[in-house]
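Two complexes come next, and they have one chain in common, subunit A, joined by subunit B in the first and subunit C in the second.
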Partner chain A sequence: MKLRLAPQPLEWIDRKSSVSFTFEGQTVSGFKGDVISSALWAQGRKVVGRSFKYHRRRGLLSFANHDINALLQAEDRPNVRADVVQAEDGMSLTAVNTFGSLASDKGALVEWIGKFLPVGFYYRAFYSPKFLFPKWERLIREMAGLGKVNTDWSEERKPKRYLHCDVVVIGAGPSGMAAAIAAAKQGVDVCLIDENPYIGGSLDYQYVNEDSQQLNRKYLKETVESMPNIQVITSSYVAGYYGDHWLGINTPDGLIKLSAQAVVVASGVFEQPAVFRNNDLPGVMNASAAQRLMARYAVAPCKEAVILTANPEGYRAALDLHKNGLVVKAILDTGKTAGESVVQAKSAGIPVFENAVLVEATGRKQLQGVTFEVGRLQHHLSCDGLLMSVGWAPAGAPLYQAGAKFGYNYTLEQLLPVELPEGVFACGRINGVFEIEDRIKDGEQAGTAAAQTVLGKEALAPVDYTAKSAHSDPYPIWPHPKGKEFVDFDEDIQIKDLKGAIAQGFDNIELMKRFSTIGMGPSQGKHSNMNGIRILAKLTGKTIDQTGSTTARPMFHPTPVSHLAGMRFRPERLTPLHSFHQQRNACFMEAGSWLRPEYYPTAETREASIAEEVSAVRNSVGLIDVSTLGKLEVFGRDAGELMDRLYTMRMSNMNVGASRYALMVDETGVVIDDGVAVRYSEEHFYVTTTTSTSDSAYRLIQKKVIEWGLKVTVLNRTGQIGAMNLAGPNSRKILAQLTDLDLSNDAFPYLAMRRAQVCGVEATLIRVGFVGELGYEIHTDSQSALKIWASIMEVGSEYGIKPFGVEAQRLLRLEKGHIIVGQDTDGLTNPFEANMPWSVHLKKPYFLGKPSLMKLKTLQNRTLVGFELLSKAHKDMPLESNLLIENGAMIGRVTSIGRSATLNKVIGLAMVETAFSEENQVLKIKLTDGRFVDAKVIKTPFYDPQGLLQKPDESNEGEAA
Partner chain B sequence: MTNPTVQLALKSLANLLHLRGEGLNEILASFGAESLEIFQYQSLGEGQFVAKLGTDELYLSVEPSVELAEEKNQYAFPRGDAAFELSGNWKALLSEVCIYDFRQCRPGDFLMVSIAGISAWLLIPESDKPLILGCDPTYGHYFQETLIKQIEKSPFLKTELENDD
Partner chain C sequence: MKFVTCPSLGRRALSEFTYGGRLEKEPDQESVSEKAWTDYVFYRNGAPQTLKEWWYHRPTGIWFLFERNTLTDRITQVEFANRGIENEA
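Here is the complex of A and B:
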């Protein structure tokens, strides 16, 4: 292996285990623990990708999860980040964004015509001639983008997990570890999060060769591991900070939603590249990238290095190379750095050029040398590695998202947090603290303060550990007349592109970003924003603070959609009678969160099965599961008052043992619910709601009870009570065999309610006629419902009883002209429009929606009408929601429609403009295919208009008891 | 379930009742549970318990049933809740389906939380005992299926298992 070093003290690789994979068809070997990039680099493969726009050869730059030119295509996923994804046996990888191969990429032709493709060219081109645009679009789509998504892959979802702690520390470098320990020592629960597989951070690559840090390292790591109240989460990053200290943490296994009471941000800094001609040649990289490559994977960044630096960290990197036996040709200092590492470097015999400027990298396919000037004298050094250490930018995404304010510190030449939200703390290099001992103290201080916030203690006045000298060059940017000085390696943005954007008026940081696309690539500006800000500030004559910064939105790194989606929780309710329906092979349908039998397949077709069920109800008897109805118990001193206020009809005058239609409207008078109310006692009502509104009705009623200050209790008993409707001419004969209750018309008249034992079980019986036949709703506790149902089916077999489903019920009620709230009404329908003025008792002192209904009574401009189809051809069957058209204008829509075997015609309900609602009015229904069929308005109910069948042999009108 | 980290089993609770009304403290006293705070429960042995949900609200599982005082407007509503027993690292499982911070709860707490999108109640046990939890019976099937699926597929639970090793 060409660039593999001797074992390093803290290396992450296992030299006893090797891995082998292919890259661009060639076999690559590495060690277990190698990331893809380190394995490639160790073999001397310095070209790992092509750039986005010009398809220039690119190598490693930051080696910190934002090496955007090292994105690879794997068989099962695109855009694999080679700088952080571990190499695995059998991987088959290719570079993304190439036309041909990485070695011979036809896309590189773009560079030759680059001058015709200035910044933002796509905003101004391709508009005319218009007919060419689709061709341009195809070409652009082909050229743009990186990896290819394999759309054949099936749905993938990863679980999400909630995690709670007192203090979360982001970043497990020396400051973060110290913060976690300090907080944990206060007795609070701490989570320590780091995106690397091991804790340690820069302590393990910038100070790996410094004996003085061995004690610190041992103490910090061992203490973190030994404290039971510190939970360490590695290989995971904070994708976003949200309100109230909620963090989204992306782990390899899925997303964690973490809630903390205090947040310590010790996320460190991003090293920023210098901007000079050919700064993108493979071999030019950040010095910290080189240090990570050596310390973690024992791979040399090069054989002969030149260091370009503006800080002691660059000198330290030079010493690391020197210690590993690599040649350091020179250190090019953009200023005159002082300090111990400078002395050591000079003592080691490394030549130092101070005040170096006008740097230029040379080489064709990869770095071969560097040219620079000192005191107007030009120098050239041959090398295969140019390591840049010219400055830092805060890894401040969590702070920005938390609402922290940053200001530019001219001593450090770095943006620092100057205002932090409550419960949020920063420490370490992001805080401008660079000396290692100070970073540890700063971490301890932040961790202690965070814990004290949690414990409600007063924090001590913070000590300022900010560095006293610059660690960044104020302008590490050297424009070149021939260009190719890259500011943004994601999008191939050069200095001239930013100049062009500014010249065209995009001279605000957010505008410049969007026009030039700087910071909009996969790394989201992690290595380009700071230089972009410096360039904009210089060209507009503003300060860094006046120039501002772009917004750091979540996600911090690209986060898989499968992680964001999480597991799908879709609650599904089964009625207490579900097992029976299953035994009868019912075809189920979703009704809100419920599964209900649509029909029972007893005939050859769906329609025939439904017709059989309808016929059974009309001619003998049928049984339907109505357990999905909402069921509310209302009891207490003010129960009658509450019922009066909630429903449009008067309820407080109901007799005990009576039932009444219960229609609810909202404040605007719009119908929102209907059901049946019964009165158990003076202070106790039981009321049903529609299937889909039980929860919303319950919430509304609870809110109103509080608002109105009534002494009443409302319980939602929907799931605790099973219910069924026994309907048909023979229903009474069956029920009579199962109860001792007197079912005669006199003793139990239409619309009455009785509580009795059925099959030895307590039940509530209500004589209602939703389907227009003699019928009994039977309500009982959920455990007993199946017993009653089974007994009814058994006794009913003598009468040919059939269970019937939702579709049969819909048809049966349509024949009676009964509405379904939400189907025959919409979000604007009031009771007058629904043709139910009888249900509104405006003489009541008050009910919810009364003021609106009083006005709406005279403002009605549409009406729900019944109609029959004039065509009998089956192919002309309209659908619900088909429109009614008159003279080209819409005058209404079909709300319900069905073919009534009982009446031998197609009937329906339609909401039409009042002018078209008169009986015998011909309506033109526009079918889905555009043809029209005629229908005629007729009176409802369509079936048994006198209502004689639901109260046979009875003279009583309405409720009794 | 056979996952060694966490196991789910159906639980049968006798005569579940929801009591509302005045003077319920006397009923509590009849079980020797007069000192119960709101949202605490007391185990009555053999799987029976009584929980205080408010000054005028109790939830209990007792055999035989309780006698109500009509003059105090006491109402009893039978419940058929689906009930389960979760043993092992139940907090790890629930962290995937419930937002609640279980660090706050103590043995003897009666919790009402949302789990996998539905309302559920929990009897927080002593540290070595299984958790009893229940929900509306119509959601029982969904609840059980969801928890089992989570137990079988969760990579987080596998991690917990590895850590235990």
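Here is the complex of A and C:
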């Protein structure tokens, strides 16, 4: 049985080129331009999928991008929507959610036990006994879900683009096109968006055979295409509306973020199915689906049709079938529709039954007939197509998301927008306007009004074009004693399921949705929400308005992760020494927004390379780029006051030329930053922050300067200054060759700061001890940093100097027990817990977070401790964040760990409950594989506890370690 | 995305701004009671209201104060945050 029709006036297929693909192992051919469903249907394949729960055979329903039962599995992607995805040569497709095959699906057995699976079954049955849950879980995971994700995917990232326009029109049907033209005529920039590959909307499938619309079609389409200030975006849908007319638009090539001044919503209406027994048999479909099938793809929905209708649109569909030579056995009118198309249908000899009551559709594997009643008389007609045209629901997602209010209109039996936010307009059928000429006029006035809003002009009061008679049946729902009347085709929800949910007290629309799962499938209620509301309203004796609607959240439609993730658009900062690191083939890592050398691959393995770097620092000398540190300069009369207020230690009593550890907490007393502060002069400080907090620390300090009303200026010099740390017993010898500064311990002691020329360049030198050796941090303007670095490397070659990276530095500082904020501290750690009570000067009159710290000092119940692992086996190496367990309960976690070659053991830091923080306490660390290893709490620093190596006598230097 | 009308730069995307909390006067650290301090640090009255809030414009590095209705999310006033502003809270 072939269903391809003779050429249609506006068909989307190219009959000169054919495509061929496989479906369930069988070859299917169609024309170029066919979607998968139309190609299958044209060959008479009416079973395109199985339903989610009962595995019933399903055909086409909406043909409007929510045919959830026609989801297919392609080789590279799950859940291909057969009603909108074009067929391509070589595709290999199978139905999703079948056990065996589409033709013979063992999952269909579920239908036989369906009566034992009442609504909410999962929630109740799996609650107890608990020990059975894992078995249930395995079963559900096997049964549930649709397509299978190929986890062997290749990375796909689509660009995100930005677009700005004055007026955006959503939907390029007759009213949308008219709105776009009217707005563009006012001289504003317009974007017209439609989910279909071509503009035209219902004008091109509902009115395709009406000669009277040829002029309108020609005018609207040609004008849209010819106006330079209308940008048309097709095959794309508005995924979400966000504040201030900001739209997320999903296009095949990625997301567009569109910012508009005014929005016209001409998104139209979703046709709603009727609810009756076996309304899911393949062959039963929405009338608009049949019209799309015929007009776009020249495929007949059936050979012999019965039309179930409550509006003139159903009659028009009957006439379309008639015109294509298909048999229309009868029109079953649920009421008494009047109008021109009714007259035409009757004069074409199509039998019309008014006030018809549907009983059921019949057929085994697909539709074979329909039973209905008129008066008390029951009739049966055989047919292979039953087209439903019983009502419409607004495609209102953009309006709902924008904050529009909808109200039920009893003339139309439809929800209409009754209150629109500023700058948002609606027109066409979503606005209750159904006559084609009126839809165009309604579009024109909405487009004009939108443009006038943008231009700041007063808009005229709109003319009301709302239809004067109903286009929806108030209750297109016919319960049957034997059930199987489907309300939601995604989730196989029947009338009895909604009844059951309501009976159990889930009688609020949001509760009913979640308990019964109506509207929770992939189509998100596009064909089920309205009928669900009607049923709930009827069963609870409320009006539609009182019943309300579920919340329409973005995304309007499933949006691929590749679109949401988008292309990486994150600036990477490079230090002034980056070219050197590149020459040395450094292995880079991200640190905040920076790229930093993790290590320089000089040995066979990563570990060996890092070990060589560590050894160079401990035994001779190493050099690390620390330009990524945040670097702030503080000037002004109140500089000392500001420093005192920001940091936990007293800063205003620092001598000029001194440096001091600078620890910052927030108002709750949590450690947020640390660095080194130096004093250049009475009213001039320079302070570093950690790499990742430079922006937030600067922001906070600026805010505090304002709040406290201090006379002080803070400059963020992070990018302007390059910095490096020269560390190791031989560092002084090297530096001495590059500067005239007296480097003796007397002239430049540990923790002092000096400003001097290095390699002829002005630099700030700070004697620091972060890595636990004699060391100098050298800060200079970023242009000169490379010059100093290169000179140090050259002079240092005599001592076997090595550049070292972040990993080596982490191990070196761990050997000293120095913390890294954000690694050894978390979002709740205070300085007492970090084992740094010495860093808090509670006697200071005021500083950020002081009252919190005063309290927290008395409440401490965890402590950062050092530990050594009692096993040296490689397989026993814990990872950072492994837990410490005592008597089955968690007592802490590992924050830092490393294998110290210097000390020949594995050392680490752990945050533990204070009760377990005593020296020599044995802790049990649970490894990722579930085994436990023992560790012993020991004092920090692990290396050089007296800190002698940081401040060696000149005579000893170079001989240390 | 919302837009903010900046007094000197005009219409800017809200994504250029970072939220900095509501404008609130810090209690005097010396005399504050434990309860009052805890409330200041942790308690936020979430009832719909018009608030003055700190917003930081990252590209220019300038702090602003917005007057914003938390029910409608409408920003009714944008001004530069000036030194000593805490006294106005």
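Just so we're on the same page, the second predicted complex is superposed on the first by the 583 of 961 C-alpha atoms of A that agree within 3 Å, B and C clash if a C-alpha of one lies under 4 Å from a C-alpha of the other, contacts with A are read in each partner's own complex, and residues count from 1 in each chain.
Basically, contacts are C-beta pairs under 8 Å (C-beta built on N, C-alpha and C of every residue); 3 or more make two chains touch, one makes a residue touch a chain.
These figures come from a predicted structure and were not determined experimentally.
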{"item": "Which superposed partner A:160 touches (first subunit B, second subunit C, both, neither)", "value": "first"}
{"item": "Which of subunit B and subunit C A:705 touches, first, second, both or neither", "value": "second"}
{"item": "Partner chain(s) touched by A:668 [first = subunit B, second = subunit C, both, neither]", "value": "second"}
{"item": "Which of subunit B and subunit C A:573 touches, first, second, both or neither", "value": "first"}
{"item": "Partner, of subunit C and subunit B, that touches more residues belonging to subunit A", "value": "B"}
{"item": "Touching partner for A:945 - first (subunit B), second (subunit C), both, neither", "value": "neither"}
{"item": "Contacts of A:259 with subunit B and subunit C, given as first, second, both or neither", "value": "both"}
{"item": "First (subunit B), second (subunit C), both or neither touched by A:100", "value": "neither"}
{"item": "Footprint overlap on subunit A, where subunit B in one structure and subunit C in the other make contact", "value": "257, 259"}
{"item": "Residue ranges of subunit B touching subunit A (in the complex, touch as defined)", "value": "18, 20, 73, 75, 77-80, 95-103, 116-118, 136-142, 146, 149-150, 153-156, 159"}
{"item": "Footprint of subunit A on subunit C - complex, ascending", "value": "1-3, 13-14, 18, 20, 26, 29-30, 32, 34, 37, 40-42, 54, 56, 58, 61, 63, 73, 81-87"}
{"item": "Residues of subunit A defined as touching subunit B within the complex", "value": "158-164, 189, 253-254, 257, 259, 567, 569-576, 578, 594, 627, 633, 635-636, 683-684, 713, 715, 717-720, 781-783"}
{"item": "Sites on subunit A touched by subunit C in the complex", "value": "242-244, 246, 257, 259, 667-668, 695, 698-699, 702-703, 705-710, 716, 845-846, 850-852, 855"}
